[in-house]
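Consider the two complexes below, in which chain A is the common component and chain B and chain C are the respective partners.
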Partner chain A sequence: MKPKYTSPQQFFRQRRTRMGIVFAILLAIYLGSVFLVKFQTFSSLAQVPAGLIWLFKTFIPNQHTTTYLGPIFYQLWRTLIVSISSTICAAILSLMFAVLGAKTTSPNRGFQLTVRFGASLLRNIPVVAWAMILLFSFKQSDFTGFLALFFMTLGYLTRAFTETMEDLDAEKLQALQAVGANYFQCVFCGVLPEAASTMTSWVLYMIENNIRDATLVGLLTGTGIGFLFSQYFKSIRYDAAGLIVLLIAVLVIVLELTSTQIRRAIA
Partner chain B sequence: MIENSSSQPNTIKPKVPNTERISLMTKPRLILRAVLAVLGLVTVYSLVTIDTAGLKLGDAFHSLGINLKAMFLQPNVGQDSWGVLLKALSTSIALTILTTLLGALIAFFIAVFTARNLSPNWLANTLKAVMAFIRSIPTIIWVLIYSAVMGLGANAAVVGLTFHSIAYLVKAYSESIEETPQATIEALKASGVRFWPIIFQAILPSIVPALLSWTFIRFEINFANAVAVGAAAGADDIGYYLFMASGFYFNFHEVGLIVYLLLGFAIILELISMRLRGHYLKQN
Partner chain C sequence: MLKVNQLDKTYGQDKHSLKSVSFTAQPGEVTAIIGPSGAGKTTILRSVNQLIRDDGGQILLDDQDIRQANKAELRKIRHHIGMIFQNYNLISPLTALENVLHGRLGAKSTLAGMFGLYSTAEKTEALALLAEVGLKDYAYQRCDQLSGGQQQRVGIARALMQHPKMILCDEPIASLDPKSTKIVMDILRKLAREKKLIILINLHQIDIAMSYADHIIGINDGAIVFEGPTAQVNDAVLQKIYRQATEQKAKVAANEA
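So, the complex of A and B:
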């Protein structure tokens, strides 16, 4: 094909029409969705500032709020350790699955497909479904929240670990095999030490994520900090609810900063 | 026989450099082990003290097995009809599209002022801090707060979900913008191009693939959030039916069907994202 010469004017005109078409399509999709959801764009957006003002007026903790500090801190602590333990338990299991499922270390192709499919299934079942199914069998306890987070995390970490192992240099593994290392030596001395820091940083990310999800799971299963929030929120004790929001934000930010530090130290 | 003139041969002693002791336990490794050890200890403590509400784990897992079997092997529509469920699913999808598009549009304009190479430091830092704060509060709490202001329903759900999307996308977008080389911006500024043309003619075209892939990631997150929000805030979407079927009617056959619908949509999303990314990366 002959290279076609486009003048700058033509180039910009073409680009403008292409952008215009894309925007028109997006606008059509947007309007269609607005119709389906029955969302009032302008009146809703106009209420955002009012909402923020309301938030800052009513959600400010006052002197009376300190009486709630005990239960709030206790539930926050429980939520934190449940998030950590569900992540770690899931990490141990997904490590095994990842070794079986990664292209570089998998014993055969059947395992690869099974692990991939299973992880995708676990990831795509919404956390609401997990919470409700588990709530029915395990009742209103911390353990329900633990399991719901555990299954979600298992799906995510298996995929992340598998990809991490596949990204490693295949030549190192070949070199190990060439000097006569057996399968287990390859995995434990070649693959795992190399992937350890990346995988740890995934684990840290999942812990952060689980704290946020724990609020939702708690709300649905009636445990932890999420339940406490909805209790205070529904009984219009907004000062206490505000305190919870503030403390969750502080916890998440502290956790984010810590894991950034750790990531930098182990890289 | 040739003898050395001196009785002692003058050998040059090799100077041994002070080698550092090489150990496998480098500092990063030690820190890694310490972190894992602490996390492991917390896990053990948590598992020992976890409150299981005195239930028998064997029985609980048994009933879970029965429920999972009812869900996945015998799905049916329960007390709703296919029409109702499909309409609810499309509401969820529409909710996701709305929040992602609105979020992306607003986030892009905020991101321009959050990128360090385009805006003054104080403004960038302030906006980054505000966004980090909004991001650290879970989506569901934003939705609940807005449903208290605007009443339960779709409007509150959209605004709450958009709020969190904006904070997430501003971070992703501004980091993409910051990757544009400073030299490009300076060259354009020096030749007299004004602020907005620089953004729309130089920066935007070069970061479109990054923006697209971040927006798509957020689309997937928003879909999961939309389902969750439906359950908690009553936006009449698929999440609401999921919540009713599992929490009020205890009809696990219907839960199974809804989960299958959601899985189907998730698979479609995955395929689209693969095609979209492949297409766009080839073009550029």
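So, the complex of A and C:
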């Protein structure tokens, strides 16, 4: 149905009314939730600085802390390897699923629906839940962590890759068809080169993301840097735990900088 | 020779876009299809290489009916029909050279095509074709770093790599400035003359059609209203091709009011 407006004034008036209603709804939701949780905004805000100062004092690493560097670096390394390998493995599978599932390249509608549904199932189970489920079968090991990250990443990347491929200009692929290219040639010579740089960005982003998640998963699977953190924490070696937090942050920042460089290099 | 007989196409239920369209296009000539927007020019062109599946009729290229071809045959036929587009439709992150080599895909085995395994002879030919369209120095440039006119010439080189009998051009100059327009149109005319290709070209610019085409096909609302040598096109003919459109618009406007 074509929207009918008698004048531009009416059009803009209607649009303003609509915006006003949306804004009013948002405000009502906010006020409602504040009322429900009895959130005493100002008194809780006042406690924040004191809390931060205490954290800072307790967790700040001192010269004694350096003795922990050995095990910390070792676990950090293992965590990094697990994050990268799970992302890469998931990316390879995602690529195949995305080709099967994206509207532009899908062999039929059944594949589209299956891939879409499967991906959203994998993605919507939180990584912590994945880890806990997998613990039953695979016990506490690096492999459990790897699998948990793998499944979640598979869901995310399949979805991201599918959308990237669907956003491609369908005419470009028709141009290859017109040349006489068959299905596989269209995918390899057209879809993949066009989508490559966006997909690489997604993979790099997922690696960064998985470093953070791997820490969390490690707490449960008893491996990696997350486990070391909880050990130090429980044995009140707060300075060492603080050092771990610091080093994770450094690692993530270094990764982010590297991936920016990589993205620029391949763009 | 391309001979189209009584081609019909209906989109969806009732959008009758081609009404028994018949025309011929000769090798060595530039044949231009002109007509108002929405008349069916793109639909005709895309039916000719079956990117659009039409509903009925005959499309004879050198007496072979393209519409009867099965999948494998169609691939072979398409290999010898080049196509260039208004928005070039090159694979933009790839180099000009790689895009030209794509012209060989229809003749290669699936695997060799997928992984870009081209012979030295093919690479040499691709470079020569780039030189022929004046892009010798741009072979290793990514296509999204080329100007519109340069991209269109890469598109022509890709079509030539197919060793085509015919090149279909859907408004190839609609996004180009006058200088690039002249370069591209000169190349197309030269190809018709020297390689005896069928050049079938959709155009919006009447003046370009008049100065470059040998044969003109006028289409209006899905039906051919004129076909003949360019010399026969006069004001009365042009009015017939374009006039009804204004009448129809007036009718539609009257209906809506």
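Methods note: the second predicted complex is superposed on the first by the 223 of 267 C-alpha atoms of A that agree within 3 Å, B and C clash if a C-alpha of one lies under 4 Å from a C-alpha of the other, contacts with A are read in each partner's own complex, and residues count from 1 in each chain.
Quick note on the criterion: a contact is a pair of C-beta atoms (placed from the backbone, for glycine too) under 8 Å apart; a residue touches a chain by one contact, two chains touch by 3 or more.
None of the values given here were measured: they were computed from a predicted structure.
Trainee: Answer with first, second, both or neither: which of chain B and chain C does A:D169 touch in the superposed model?
Mentor: A:D169 sits against chain C, while chain B stays out of touch.
Trainee: For A:S33 in the superposed arrangement: first (chain B), second (chain C), both or neither?
Mentor: In the superposition, A:S33 contacts chain B only.
Trainee: For A:L134, select first, second, both or neither according to whether it touches chain B, chain C, the two together, or no partner.
Mentor: In the superposition, A:L134 contacts chain B only.
Trainee: Return first, second, both or neither, reflecting whether A:A50 touches chain B, chain C, both chains, or no partner chain.
Mentor: After superposing on A, A:A50 lies in contact with chain B but is clear of chain C.
Trainee: Look at A:V82 in the shared chain and tell me whether it touches chain B only, chain C only, both, or neither; answer first, second, both or neither.
Mentor: Only chain B; A:V82 stays clear of chain C.
Trainee: Given the touch rule stated above, what does A:A178 touch, chain B (first), chain C (second), both, or neither?
Mentor: Once the two structures are laid over each other on A, A:A178 reaches chain C alone.
Trainee: After superposition on the shared chain, which partner residues are touched by A:A196: those of chain B (first), chain C (second), both, or neither?
Mentor: A:A196 contacts both chain B and chain C.
Trainee: Which residues form the common part of the chain A surface touched by chain B and by chain C?
Mentor: Correct list for chain A: 196-197.
Trainee: Touching residues of chain A toward chain C in the complex: what are they?
Mentor: 169, 171-172, 174-182, 184-185, 187-190, 193-194, 196-197
Trainee: Per the contact definition, I'd like the list of chain B residues that touch chain A in the complex.
Mentor: 27-29, 31-32, 35-36, 39-40, 42-43, 45-47, 50-53, 55, 60-61, 63-64, 67-68, 71, 90-91, 93-95, 97-98, 101-102, 132-133, 136-141, 144-146, 148-150, 154-155, 158-159, 205, 224, 227-228, 231-232, 235, 239, 242-243, 246-247, 250, 252, 255, 258-259, 262-263, 266-267, 270
Trainee: Which residues, counting only chain A, touch chain B once they are in their complex?
Mentor: Where chain A meets chain B, its residues are 15, 26, 29-30, 32-34, 36-41, 43-45, 47-48, 50-51, 54-55, 59, 81-82, 84-85, 88-89, 120-121, 124-129, 132-143, 146, 196-197, 200, 203, 212-213, 215-216, 219-220, 226, 229-230, 233, 245, 248-249, 252-253, 256, 262, 265-267.
Trainee: Quick check: in the complex, which residue numbers of chain C touch chain A?
Mentor: Going through chain C, the ones touching chain A are 49, 51, 75-79, 81-83, 85, 87, 89-94, 102-103, 105-108, 110, 113-116, 158, 162, 168.
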